[in-house]
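Which chain is which? They are A, B, C and D, in the order written, and residues in each are numbered from 1.
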Amino acid sequence: MTLARLRGIVPPVVTPFTSEGDVDVPSLERVTDHLVASGVHGVFVLGSTGEVAYLTDDQRDLVVRTVVRTVAGRVPVLAGAIDLTSARVVEQVRRAVAAGVDAVVATAPVYAINDAAEIEDHFRAVAAASEVPVFAYDIPVRVKVKLGADLLVRLGTEGVLAGVKDSSGDDVGFRRLVAANAAAGSPLTLFTGHEVVVDGMLLLGADGVVPGLANVDAAGYARLWERAEAGDWEGARAEQDRLAALFEIVFQAAGRSGDAAGVGAFKVAMQRQGLIDGATMAFPVRALEGEVAERIEAITRAAGLLGAAEAAAAVL
Amino acid sequence: MTLARLRGIVPPVVTPFTSEGDVDVPSLERVTDHLVASGVHGVFVLGSTGEVAYLTDDQRDLVVRTVVRTVAGRVPVLAGAIDLTSARVVEQVRRAVAAGVDAVVATAPVYAINDAAEIEDHFRAVAAASEVPVFAYDIPVRVKVKLGADLLVRLGTEGVLAGVKDSSGDDVGFRRLVAANAAAGSPLTLFTGHEVVVDGMLLLGADGVVPGLANVDAAGYARLWERAEAGDWEGARAEQDRLAALFEIVFQAAGRSGDAAGVGAFKVAMQRQGLIDGATMAFPVRALEGEVAERIEAITRAAGLLGAAEAAAAVL
Amino acid sequence: MTLARLRGIVPPVVTPFTSEGDVDVPSLERVTDHLVASGVHGVFVLGSTGEVAYLTDDQRDLVVRTVVRTVAGRVPVLAGAIDLTSARVVEQVRRAVAAGVDAVVATAPVYAINDAAEIEDHFRAVAAASEVPVFAYDIPVRVKVKLGADLLVRLGTEGVLAGVKDSSGDDVGFRRLVAANAAAGSPLTLFTGHEVVVDGMLLLGADGVVPGLANVDAAGYARLWERAEAGDWEGARAEQDRLAALFEIVFQAAGRSGDAAGVGAFKVAMQRQGLIDGATMAFPVRALEGEVAERIEAITRAAGLLGAAEAAAAVL
Amino acid sequence: MTLARLRGIVPPVVTPFTSEGDVDVPSLERVTDHLVASGVHGVFVLGSTGEVAYLTDDQRDLVVRTVVRTVAGRVPVLAGAIDLTSARVVEQVRRAVAAGVDAVVATAPVYAINDAAEIEDHFRAVAAASEVPVFAYDIPVRVKVKLGADLLVRLGTEGVLAGVKDSSGDDVGFRRLVAANAAAGSPLTLFTGHEVVVDGMLLLGADGVVPGLANVDAAGYARLWERAEAGDWEGARAEQDRLAALFEIVFQAAGRSGDAAGVGAFKVAMQRQGLIDGATMAFPVRALEGEVAERIEAITRAAGLLGAAEAAAAVL
């Protein structure tokens, strides 16, 4: 599996839970199979969408092992190695590699207050300790740091980083990163994490996307990718517009936390499609219910998912 | 002039200064003529690129009157009405309208600490007092508030706002705004202020763009617009890539303020092309000089501007 | 009037409005007289508490002239000179000086994006154009910039700044400023704007305080000052504790904007004491009413103000 | 050991490292002994000053066991239980309790994006799993959340929280917390983390302080405490002024990260006093050296520490 050439749709897989709060392994197997069957090009476990911050090390291992076993080599499996600082991240990398992932994804340090030089050394240390390629995860809304294009391309050129998952929301910065990477011979594989501007990001040169919403409509993202690959940009835009309308599910839980409203909405829409058994969230986040869940279901139905997908789920 | 149908490239015109710090009227006439001759679809004076915050009321009047006189009805002229709060903004609107502008552009209150309901009332009051259409100017980096899509579309539907200039850098939010506006029957004309993602923004449905960089390369943005209008998205992307490379001029003055590095770079690149006489900035900002200015000149030359544009400027 | 020696309590005077939104001159005269009679050592008009951002230039002139006339030289009058950038601030200074103020208070530029060197030049230009002493107003919650102790003490030593009104909420920074100022021979007069930590700020060396809450209980702050001057720190603490309990009025309007909740609460508590005729706020802010106003009244009564103060007001 | 009555000086102990990056146990024993001998009332390990974010679980265990063994019951030992979210924090609590600490200190979740209700449930879960009292650690500069006084006092009243370490820098908020706690019968023990405003914080009612700078001058903080206890507020202020001048060591490494400049300066000043063998920081932070270290040494000497402390260290 040549990760240097990974391109396309790489969903960040949600972590289903039983009502007791344990990892729901059968549901995780089912959603993993569904994603691969829908035509995605890779899967990313233990990301923010996978509620990685809430999982114990044992739960993380269980998630990774379940997905690696289910994917069975059909596509690459990337795993988040999320912890406070270098030495702790390295331990997460070790565990993920032992569980069989093809690449790991690491952020800058969390809680620590570091400068750019320290962050660069951090990535060097993580990569030096990793037997698989390392992607940088740029997610300032959680890490409170924006990774600079200069730093990323330099680490790409030196072989430290294999790529970047950009969830910064800074599309001007992403275009600068794409340009700087191209000028350097494209050492980095560049993925955007923003699921509603994929058409524009692919047009400007992204190698792919890590769309949380693909948990809800993987086939839609696969179509969007194919149209972009074919140069059918207006077709890509139309598919993206449909997916952007579906993305409104994450704005229904007004007043709830970001994790509850976002991943919580994905889980409700997935549960309604039969992709997972329940919409339980990791403690202390409570699942979306009642009127909010009904609005999410209505939006999902309006996107054309509840008929066909229910049937598809029944077949699996 | 039907502003409701304004589409295309609407550059925010820089304000040239003499070395004594006065508005350089001949240079302002020259750059205005150059922009219109290059095929832009409107001009926007007294924006952030126009250093509006630094200008006295008399200087603002002089800028507006000069540009209105020079444009002479060939394209619409929009003017920023920038002040702290409603009553003061209304006075700015009155002056701009008296000077002959076709529309005004207003932000949410500055310095005041208001909530969404107060901001909505602010826009209602400004529009009620204006004889010309009002655009909302969404620029959180300066105003420290992000205008919500709900508020904007509601004010559009009610006829309060004619459009939005979005300089928020939040492209996910911009797509939501485009979708919500379309669902409401497109009451708002929607412009992005981000000059390096214009291809993607036009693909997703923007009505146009207000690119500061068009002061440096207006013809490039005109070509980008034409390609997008023709559905030649890869041609648009190629032109945008060239312009994005040119935009690197604003990243040369490391350690200088945002206003010095950005508008300062535009002015150096314009001065080198003969579009304005000098690169002087409004007090207390000092012009870019020396090695930084040389790097800006080199980037401008690499973008193919210094040969052809110098010739074009000589003809004017 | 030797401003270099100004010490003590200098309330930022609220601007009362009629129900039509005009400056309520009789109420402004009444509250000004009440403040001076209560033993304050100066008054500060056109500050944030005075809703300066919302006032037109004509309204600002009216406020300054009314207060200067009413104070009649009994204590110094300071005025905020609040506008976007240097040239516009200088015009505000000119108007305030013409109206008779003893000193002006200016912030760093607003809306503009400047660095420390530009901010320093800004203060130099404002001071060069002012016939009265200039205080720097450090209020990052509105201006989005924190003024550094180095810059302030340097400008004090050079005679550019006479003092600082620190509303930054950064008490560690304020102690550093006090220490740096003392080490430089105390060129600056240093006031804190934080009305609930005055005991500690006076203990550490502040020259005085600009407490918005003194509009509601001026006599309380005068007592607090006298106890601190007498070295009765536990007495000062007890008075401050009482005032801090009164300050809870600003936390009653949950969900309302900062300006509505804060200044709005002061106005309700003042209106209940008969110090001003109505609690009207500047457009677009709506006055606090109903249950929120009742809670504010109850807290004011619990602080012992409504009996005695009503009687005092009746005497004026 | 009755933690409910803990009052006084509780330094956050630095974690010394060997030049190879291992925990330097002899140095840690020495500094711990020095702190207790200097008259502090408790010690806090695995805080931000202890570089907790950078330590592996094994290193954390080693630190706690070393300090607990060295303290030998002379004062209480508190330990930070710092990890991303509830389940992981509970595991940290379990380890710290097994190592013998008297109380644990936990933040709100990190990396996760939670609302107030979720944060409240988080603290309930942590406390329910802890055999020792739990303090909330309010440090927004790292956790990016400010804990509200209402939430804290409610959890105190219910017996969930034993106290709060407030490193928020929001002294207005701290006074509100002190007042709300007093009104509820003082269920919480309230410590400030801000080492340069201790006089004012004790005056307003803090139960104690967690001063990182006490690693450098523990005896100074012990004297400050005794003077405040004796009601000698001007004596307390004088001692605090001396300590504030010493605190300038953390501002010497301009351009370095917060962790490097702050904890790095403490370590240099401690090494110069012989309290620890070296100033090595946790990877990827590099120790302060050269001219910066010389300035730190000079400030430490000016504070009167290098003569006496060297002698004291020689005695140990």
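The working rule: a contact is a pair of C-beta atoms (placed from the backbone, for glycine too) under 8 Å apart; a residue touches a chain by one contact, two chains touch by 3 or more.
Everything numeric here is computed off the predicted structure, so don't read it as measured data.
Between chain B and chain C, the least number of touching-chain steps is 1.
With angles rounded to a multiple of 5, the C-alpha fit of chain A against chain B returns 180 degrees of rotation. Distance from the centre of chain C peaks at A, each centre being the average of the chain's Cα atoms.
Rounded to whole angstrom, the centroid-to-centroid distance between chain C and chain D, based on C-alpha atoms, equals 36 Å. For this pair, chain B with chain D, the centres built from the Cα atoms lie 50 Å apart. Those residues of chain D in touch with two or more other chains do not exist in this structure.
Here, these are the chain pairs in contact: A-B, A-D, B-C, C-D.
Those residues of chain A lying in contact with chain D across their complex are 53-56, 59, 82-88, 91, 109-115, 118-119, 121-122, 125, 141-144, 255-260, 282-286.
Residues 169-172, 175-176, 179, 194, 196-197, 199-201, 203-204, 231, 233-234, 237, 240-241, 244-245, 248 of chain C are the ones touching chain D in the complex.
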